[in-house]
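Please read through the structure below; I'll follow up with questions.
Naming follows writing order (A, B and C), and every chain is counted from residue 1.
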Amino acid sequence: MSTLKPDSGPSSAPSPESWTHLRLDRRMPTYWRVTFDHAPINTITATMVAELSELMDVIERDAALNVVVFDSANPEYFLAHYDIENDAGKTAALGVGPTGMPAWIDFLVRLSRAPVVSIASIRGRARGAGSEFVLACDLRFASRENTILGQFEVGIGVVPGGAPTARLARIVGRGRALEILLVADDFDGPRAEQYGYVNRLIDDDRLDDEVDAMASRLARFDHDAIARTKSYVDQVTLPADRELTGPIADFRELFARPAQQAQWARLQALGLNTDSDLERSLGRRVVETIA
Amino acid sequence: MSTLKPDSGPSSAPSPESWTHLRLDRRMPTYWRVTFDHAPINTITATMVAELSELMDVIERDAALNVVVFDSANPEYFLAHYDIENDAGKTAALGVGPTGMPAWIDFLVRLSRAPVVSIASIRGRARGAGSEFVLACDLRFASRENTILGQFEVGIGVVPGGAPTARLARIVGRGRALEILLVADDFDGPRAEQYGYVNRLIDDDRLDDEVDAMASRLARFDHDAIARTKSYVDQVTLPADRELTGPIADFRELFARPAQQAQWARLQALGLNTDSDLERSLGRRVVETIA
Amino acid sequence: MSTLKPDSGPSSAPSPESWTHLRLDRRMPTYWRVTFDHAPINTITATMVAELSELMDVIERDAALNVVVFDSANPEYFLAHYDIENDAGKTAALGVGPTGMPAWIDFLVRLSRAPVVSIASIRGRARGAGSEFVLACDLRFASRENTILGQFEVGIGVVPGGAPTARLARIVGRGRALEILLVADDFDGPRAEQYGYVNRLIDDDRLDDEVDAMASRLARFDHDAIARTKSYVDQVTLPADRELTGPIADFRELFARPAQQAQWARLQALGLNTDSDLERSLGRRVVETIA
């Protein structure tokens, strides 16, 4: 699509108009909204990662932007989890990003370090890489009635690759981080709020308006004040690079084992990556698929 | 006033009797109470910082002291925020303190490192530097019905200078710290407790008695046990010096800009530093004054 | 007893059958349960530490184990606190463990670093070293109606020796850690949950079943996924060795003082180490015994 647009840049330049898995709404020069829209359940694929990388290019080149809100077009799924599309080569082909880290990690790192406020407005399910995404955002607000968060990876015999190991400890403390990661079960809204997994809950019918009000407020603030204040918190609370590259290597190694490949096949047979009962209750049901 | 008292030391020695913005009540040799009393709304001025620095001199010279409780004579304002009194020279003239850091930072650092337990007994508003003060105390208890906390600085286009960026992360975690600092809005008691911004709430009519009971208990404890136990927690949780000096320099740089000077003038025209509706709702209303 | 069993190893090998203060139930190869049973109130003695050290030997030699749940045979006392048995030599004779640290610290460090999930299923009182034990576990679940936690050590004039100073900050943050350690009072279940001192409360009549369900889930997971994921969180959240050895030295120095020895004698006269009213309310009543 981008080639049809006279104002689009060279093929290497970001072209939000061509994105197929997310939509960019520039509400104001200082306030953008990004909506995940990848039917049927907002899985994260290589294509989505490529588009998110382009989004970071756009964000980093924009000196006026203050705040980006992320939401979902699907009220049941914010971001389901990663889908390798039965082809590890697709993800491998993404290579490394500007930070020198693999594309998914690179995106999370650039988002968390960007001089803008990123807000996850969570409605529906965000598990695995979907949870890693919300943990890399600066702020997390969630529907009181309709939120499920979880890191189910240990339940499929792997290490969570996007380093929630490094981020959760700085957000919820050691004890609750270990429970989220090791018990690997679903967290509903109230428990997520209790643990600090999200900043706080907002009644579902108020979520969009309240997040919009916060973003509109941030949109009026001075950019440098936001950027510098965030950078001081970053210095204290962002993981070091060395904490981020180990988990993804472990994920690859552990996932390649025959037992994990077989479990993955069983998950797919039960409806993984579709709006199935398995996906609705993945945190609880993952244990069924262990041999 | 100090010259009237035969037991007062040389002019360089601390003389609590001469203080005009705070009162020191030595309830017991091991338990002191400091009451902020600077009409009309307990702003923090160069004079108050100078008196607080003297307070630290007194505290550091006293080997018996175990606990200091800070409260306010004004039930609506614990410590409103910093007031530069339209004369940046007054604050600049305070220079640096014994730590080598600017006077306000120096005071906060000495308080947080002192071998005594500092307790903020919060009733009313504590914003900006007032919030920085409570964050530098060891323990924070707040009126359930009558507490407002906030770091509104980003709303006036500056970095919070007293390094709540460094302290909040160790108290409430990354996500909630970023919200407090960047959204820069008011937090009432229940939300402050939920976020861990205060240790916990106490019913307003029980606040004074319960804090007094805790302080009276601490007053009986062994001084070395308190001092050494605190120092071990300090090793893990206090900011490094390098985290503390950047924000105050940024504050000065950003505040000196014409846009920020103009916004400050608008705030003053609307009643800043007086018991105005603006001050009552500063976190919410600050956005009105952005050009 | 171990000499009666043909499959027991040499006298230096661990022999769980001979333990007198704890019981080991190997429910599954991947899921063990350890029950504290040292009448009358589950104090931690040199004997119990020796048995816990042997438990770590057994755990570390078992490549299949995923999860260990710790509970108590006494519903009023999970682990009361340390009992020196009027003979400091008994504890001193334990020497140092494989980490090179004194036996109690060594046990806590090995437990927290082990490649298995340790779960404290808390019913009753856990104070002092009992609280240090639960803080060294990975996960803490507690009876809603019947839990009391506390670090009363500062109330007897000493530094808590098992380094809760280092662990609490990573679990509950600076402010609440300082209150737990310095005010040194009892925390009931609801306040412990509010502060993050435990992961969360479970209704007493559901506690055993819910913890068993979590452990049974963990028992089915892949061992390497658990071990590696935990190790990444450990890198960020476990204390450095240098944070662990200071407090125990301070404990010994401060406890040896005449005033502390006299206070300890008064505590014993009031019923310390027995199921007395003093023990039931130790956090509150400790202040009565200060001269």
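Convention: a residue touches a chain if its C-beta (ideal position, glycine included) is under 8 Å from a C-beta of that chain, and two chains touch if they have at least 3 such contacts.
If you're wondering where the values come from, they're calculated on a predicted model, not measured in any experiment.
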Check your understanding: Between chain B and chain C, two copies of one chain sequence, what rotation angle (nearest 5 degrees) aligns their Cα atoms?
Key -> 120
Review point. Where chain A and chain C touch, do the two copies share over half of their residue numbers, giving same, or under half, giving different?
Key: different
Study note, to complete from the structure: chain A to chain C, mean C-alpha position gap in Å, rounds to 37
Practice item. Could you list which residues of chain B touch at least two other chains? Key: 170, 173
Exercise for review: Within their complex, state which residues of chain B touch chain C.
Suggested key: 117, 138-140, 167, 170-173, 193, 196, 198-200, 214, 217-218, 220-222, 224-226, 228-230, 232-233, 235-238
Practice item. Spell out the residues on chain B that touch chain A in their complex, using ranges where they run on. Key: 153-160, 163, 165-166, 168-170, 173-179, 181-185, 191, 194-195, 239, 243, 246-247, 250, 254, 259-260, 287, 290
